[in-house]
Amino acid sequence: MSDDVIMEIILESEQLRKEFGALVAVNDVSIKIRRHTIHSIIGANGAGKTTFFNLLTNNVEPTAGRVIFKGRDITRLPLHRIAHLGIGRSFQITNIFPNLTVLENVRLAAQALGKDNFRLLDHHRHFQRYEERAWQVIRQVGLTERARMPARTLPHGDQRKLEVGMILAPDPEILLLDEPTSGMAAEFVPEMIGLIRQIHRTGQKTILLVEHNMGLVMSISDYITVMHQGQILAEGTPEQIAANQVVQSAYLGRLGWQVSEQ
Amino acid sequence: MTGITNLLRKNRTQSITLAALVVLFLLALQGMEPSDWIITVLRGLSVAAVTFLVASGFSLIFGLMDVLNLAHGTLFMIGAYLGWTAYVRPDTLLDLATPFALFIAGLMLAPLWDAGLSRARVAMRAGRVLPWLILALGLGVLAFGLVRYPITAWDASVYDKSPVVFGVQLDLGQTDLPAPLTADRAQVILAMMSVFAGGALVALGLALNAARQRLAAPRVTWRALWLPLSLIVVGVLVYALNDALTAGVVAAGTTWRFCIAVIVATLAGAGLGALMESTLIRPLYARPIYQLMLTLGLGVIGREVVIALWGRTQMQMPKPALFNAMGKGCPAETLWDALINQCATINFMGTRIRTYNEIFIFVVGVIVLIVVWMLLQRTRIGMIIRAGVQDRAMVEALGINVRQVFTFVFALGVGLAALGGVLAGPSMGVSDDMGESLLLAGLIALAIGGLTSFPGAAAGSLLVGLLQQFIVKYGQIGIALPFGAQPFKPTPPLVPASTLLLMVIILLVMPNGLFGRRE
Amino acid sequence: MSNLLEVRDVHTFIGQFHILQGVTVTVPKGAITTLLGRNGAGKTTTLKTILGLTPPRTGQVIFDGREIQGQRTFEIAALGIGFVPDYRAIFRDLSVEENLRIAERKPGDLERKADLIFGLFPDLKRLIKLRGTQLSGGQQQMLAIARALVADNKLLLIDEPTEGLAPVLIEQMMQAILQLAAETTVLLVEQNFHVASQLAKHYVIIEEGRSVQSGVMADLLKDTATVRRYLGAA
Amino acid sequence: MKILRDHSTFLAVVVFLIAFPFLMALLDGQSIGAMLAGQSGNSKFYQGLLIEIFILGIFALSYDLLFGITGLLSFGHAMFFAVGAYTAGLALKSLKLPLPQTLGLVILAGIAQALLFSIVLPRVKGITFALVTLGFASVFHIVIMSHELNDLAGGDVGLQNIPKPDYLDPAAQRLTFYFVALAFTILVYLFYRRFVDSPTGRVCIAIRENEHRAQMLGYNTFYFKLVALIVSGITAALGGALHALYQPIVSPVTASLAYTVNALLIILIGGVGTLSGALVGAAVFRLLQFFLDKFFGESSSFILGVVYVALVLFLPYGIIGTWRAHRLEWQAAWRARFARVATMLNRKT
């Protein structure tokens, strides 16, 4: 789907490494994410996917290595600066403002990169562009009817959607989604896939996805990186990965789920 | 070696700050005589020991249950007051022993209530407020009984001497207790019964409160009745033999009385801690900020109760005979001589050291440090505590009653604070504001050491104690500053201020304290 | 055939969330039963509900002929239930030996069970003096299972024992669990259907907080439609 | 009209407070003229009590902004207040500055303290922040009590004989002072309401809810906490200045931990994070203190302590918080009750 787009690298890691005591969670991982692609990282639980994600966005400080975003070293940048560069990320464990309404959650996200954060004497409702943006995003993720509810009262699946909405609101260039379907009931997974596809297509965005729902990964990814025990096992298009012997034996094959032919 | 270099490189700011502090300290030592230095260090160690007794309880409680017990200073003070009473007015102690035993006997009916309630299935219907009402009713019945029970010290007609007088008298070597009260037997029996009933009602309230949260109760055996029954017997016996026991304790001399005081204060403190944890703190485990505020309030209440019972005056607590002799062979030349002659002071490197203040308190502090450390590292309960700090649910899933361990730790922490209070009595005097200064010192030591770390509490106390005493010393001899012509003499208020500054500096450089874990 | 554990239509709430909406599980004595289902279906919550870590609001849990729902966790565990959580919960500040020792219900349990434990996991003997933090993932998993074996447990609840392990270790872990099942009853949660199908004799499928199907594993293996519907890739 | 309806409670309270001195005088049988002339009487006395409540309320409001809204637990908040009080007192007494300049100085002092606290903000969090702020405040408390500053700050007695401007003398011009304090309190309250509803205030709430998430969205949370600290610092310092103007002595107690605890207690009574709760709490707190002192004397602080513990255990959301949570059910219940009574009455007729 992205044949005619220039294959420019937007985000890359160089020899990224993280040790927790004796455990090497991420072992010198180098990866290149091309602009406007959906790139998935798969691997068993504990393979180091989430830690790798945390290293990319500096939620966890790496032991060694670098992260480069659009040619710029962002390895140890403060969290808020990373967001300002146009990187949005979601978490495996839903990370929202539980006691605020859905609208307020998204509105805060939309307001974050604006220039009106320190207007002490104006009511926040007076800044309509944020409110409009928030409604737009809420419509996009399909939460219009629940916009006025406190976020904690939402069902789990809707909270996941809200989180995607919060990342989307400031209109980032790249979205890092950590298991967006984790804990979702099966019939809502296609909805999430549709949402991700739509975000990718309409916004011309790059999406980096950590997932272990194989079906989802195979059906929407342009590229797949397979991680195993903190290292990259294989990289390539879904077809290449499905055909890869090493992946077959170590992850997908004898001990794993059958790959669906979708 | 490489490990140390690595450590230094990784913690550069920390190392530089520590080095700067050490250099400053050494520079400050320039104008000091060696004998001054020794006595200051020894005094510092003694203050450190008392601070440690408070801070260790803090760190144990905070480490295991995330409760910053701001009532700790008050509990320290209560320990001092209880110790004072047992020491100076042993008759009051014995007067109180009977109602106390009966009250505890009543409390021990809790398991029976538990079983009974779950069988009757009333707990579910009891609601939120009823248990507390029963609790309050129980305390009321208890007060009703206590007022009627003959306690000499509380009797207005014998209250011709203020508590202060007894302390002064004892310092002169006299014990002149007022004649015991007499009361008619019917009234005493009524009082005893209502105290017991008060305990039973409090237990019922607690059981109701606990039972609301569960569906099934543990089985009880009749063996659970043995302990309360024997407590009742003991209580009645103490009442019958009250006069003889009082005479015996008075005759036993101050050293023994001091031992009794230490034991009574520590145990009472531990009991108070257990009661606090199981009634008030437990419902709030899910709301840490509220726990903080609750303990703050309890501290205020405790202080008011102490003022109501003992008055606002500062009271003397004479040193026990073992550390009080002045005459023959004193000041002693060696530690052994000091013990044999029961000397108050001892000659050491050209200065005179007080055996109680500078040696005894420090030794007790070290013993407590070692005992608690061994308890944590070598015993099963210590193992459970260390595990519980990390993962409460998993410990419970191994079949261990974590709540009991929590209560134990709380009791231990408060008991240590009370021990600190009674030890500090003879050296600091007993007053209602002693708790606040120790609360602050303990908090500072805890923060310096790293909140949850037990060795950290010891190190923090050491720093706080030494710094305090050095500032005090410089207040006397003055400190030669490079830029000032006159030596600078810090005034007493600067003593706590200096420790606070030390804390702020250390926390700014090492937000987790000296021994704290990251994150 | 008698059932060691019966979970009857339990409903569990965590906060306001209705996590389990009617789960029924029977665990026959002396075999491995496995809970299957997707991430977040409620398998782990089912284990926690049995143990009282997340007590059920309604429904019954019957262990060894006794109703245990609503009892405190330590009381339930002391009846003879061992728990191996998915996050392993190795105590960092305790040595390997202490990690085992803490599970003793009476003094000497560890010595009594030493042969069994070190027979299953010879590695642990070598590591006995190390701290919890110094272990690798696989070693932590072995220790977590070993810890559940120290006391005489009639039932082991094992959550995701092969998660994040290398294939070689998975093989080893499966062998160990099979050996265990010869002596005790096991209720297993396993994401990896391949592993689960080789280990378990009985299965229960949990979907969105409800138990939707249960039976004998051999039958399930033939029923590819069901496997795909509940467990396979979407 | 809509504004009137939406803010009816607020307006009613304001109207009542404006009318209060006159109502009191009428109830007491005092002529309005005598009351206006500032003659002693019940009205003057209760005006004084309300002024104290306003000052406490401002202090508690500033604490609510830090703790209730932004989620920063500080044990050194009393310092904000005391620095304002001492700065105002010293400026009037020792520097002989006129009032406007004094207030300017107080505002600067408030900002300076906020900056001092903010130095530690990026380093320490949670309970450690509370302890460090306690450290700052205690050092200040000790310093103003020290003998070296006896001539200046009055040692442990406090700062006395502060010259008050003639037009705002609390003894002679009590009514003026009352209205100034009332107006200032309303102003502060309205400003706080607006602040909480401003984009900045919303981010402060977000920080309380989930600071990590706020950072990931791109907020440099430090600046928002700094703004909250500065606003809170200035408000508390101005409250302190008002205190210095009103009270005959500025006691060093105003810098002690106990004074911070008062603020905590007040917002706990009123409801943490509700703003209006701070004012309601201040009223309840001061009146409770007043009547307990009157009836129980010595043991009043014991009873206050018991009330406090009971509040923590049984009413954790405070008066306003509980009211907001249950308002709808309660209103429905009352409506149902009225309806039942109405039907009963209907049946009878």
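Per-chain residue numbering starts at 1, and chain names A, B, C and D are given in the order in which the chains are listed.
Methods note: a residue touches a chain if its C-beta (ideal position, glycine included) is under 8 Å from a C-beta of that chain, and two chains touch if they have at least 3 such contacts.
Small disclaimer: the values here were computed from a predicted structure and weren't measured.
Engineer: Starting from the defined contact criterion, work out which chains touch subunit A and subunit C both, please.
Structural biologist: Neighbours common to subunit A and subunit C are absent.
Engineer: In terms of CA centres, which chain lies closest to the overall middle?
Structural biologist: B
Engineer: Would you identify the chain whose Cα-based centre sits farthest away from the centre of subunit D?
Structural biologist: With centres defined by C-alpha atoms, farthest from subunit D sits C.
Engineer: Between A-D and B-C, which chain pair shares more contacting C-beta pairs?
Structural biologist: Of A-D and B-C, more C-beta pairs in contact link A-D.
Engineer: Quick one: subunit A and subunit B, Cα centre-to-centre, how many Å?
Structural biologist: Subunit A and subunit B have C-alpha centres separated by 53 Å.
Engineer: Report the inter-chain centroid distance for subunit B and subunit C in whole angstrom, where each centroid is the mean of the CA atoms.
Structural biologist: 44
Engineer: Just give me the whole-number Å value for how far the CA centre of subunit C lies from that of subunit D.
Structural biologist: Chain centres of subunit C and subunit D, defined by C-alpha means, are spaced 55 Å apart.
Engineer: In graph terms, with chains as vertices and touches as edges, which category applies: line, ring, star, complete, or other?
Structural biologist: Graph shape here is a ring: one loop, exactly two partners per chain.
Engineer: All pairs of touching chains, please: list them by chain label.
Structural biologist: A-C, A-D, B-C, B-D
Engineer: What part of subunit D is in contact with subunit B in the complex they form?
Structural biologist: 73, 119-120, 123-125, 127-128, 131-132, 134-136, 138-139, 142-143, 145-148, 261, 264, 268, 298-299, 301-302, 304-306, 308-309, 312-314, 316
Engineer: Provide the residue numbers of subunit C that touch subunit A in the complex, in ascending order.
Structural biologist: Spelled out, the residues of subunit C in touch with subunit A are 15-17, 38-40, 133-137, 160, 163-167, 170, 191-195, 207-208, 228, 230-234.
Engineer: Help me check something: in the complex, which residues belonging to subunit A touch subunit C?
Structural biologist: That would be residues 21-23, 44-47, 152-153, 156, 182-186, 189-190, 212-216, 218, 229, 249-250, 254-260, 262 of subunit A.
Engineer: Quick one: which bits of subunit A touch subunit D in the complex? Just the residue numbers, please.
Structural biologist: Residues of subunit A touching subunit D: 57, 78-80, 82-84, 89, 95-100, 104, 107-109, 111-113, 116-125, 127, 130, 166, 170.
Engineer: Hey, which residues of subunit B end up touching subunit C in the complex?
Structural biologist: Residue list for subunit B touching subunit C: 214-216, 218, 380, 383-384, 386-387, 389-391, 393-402.
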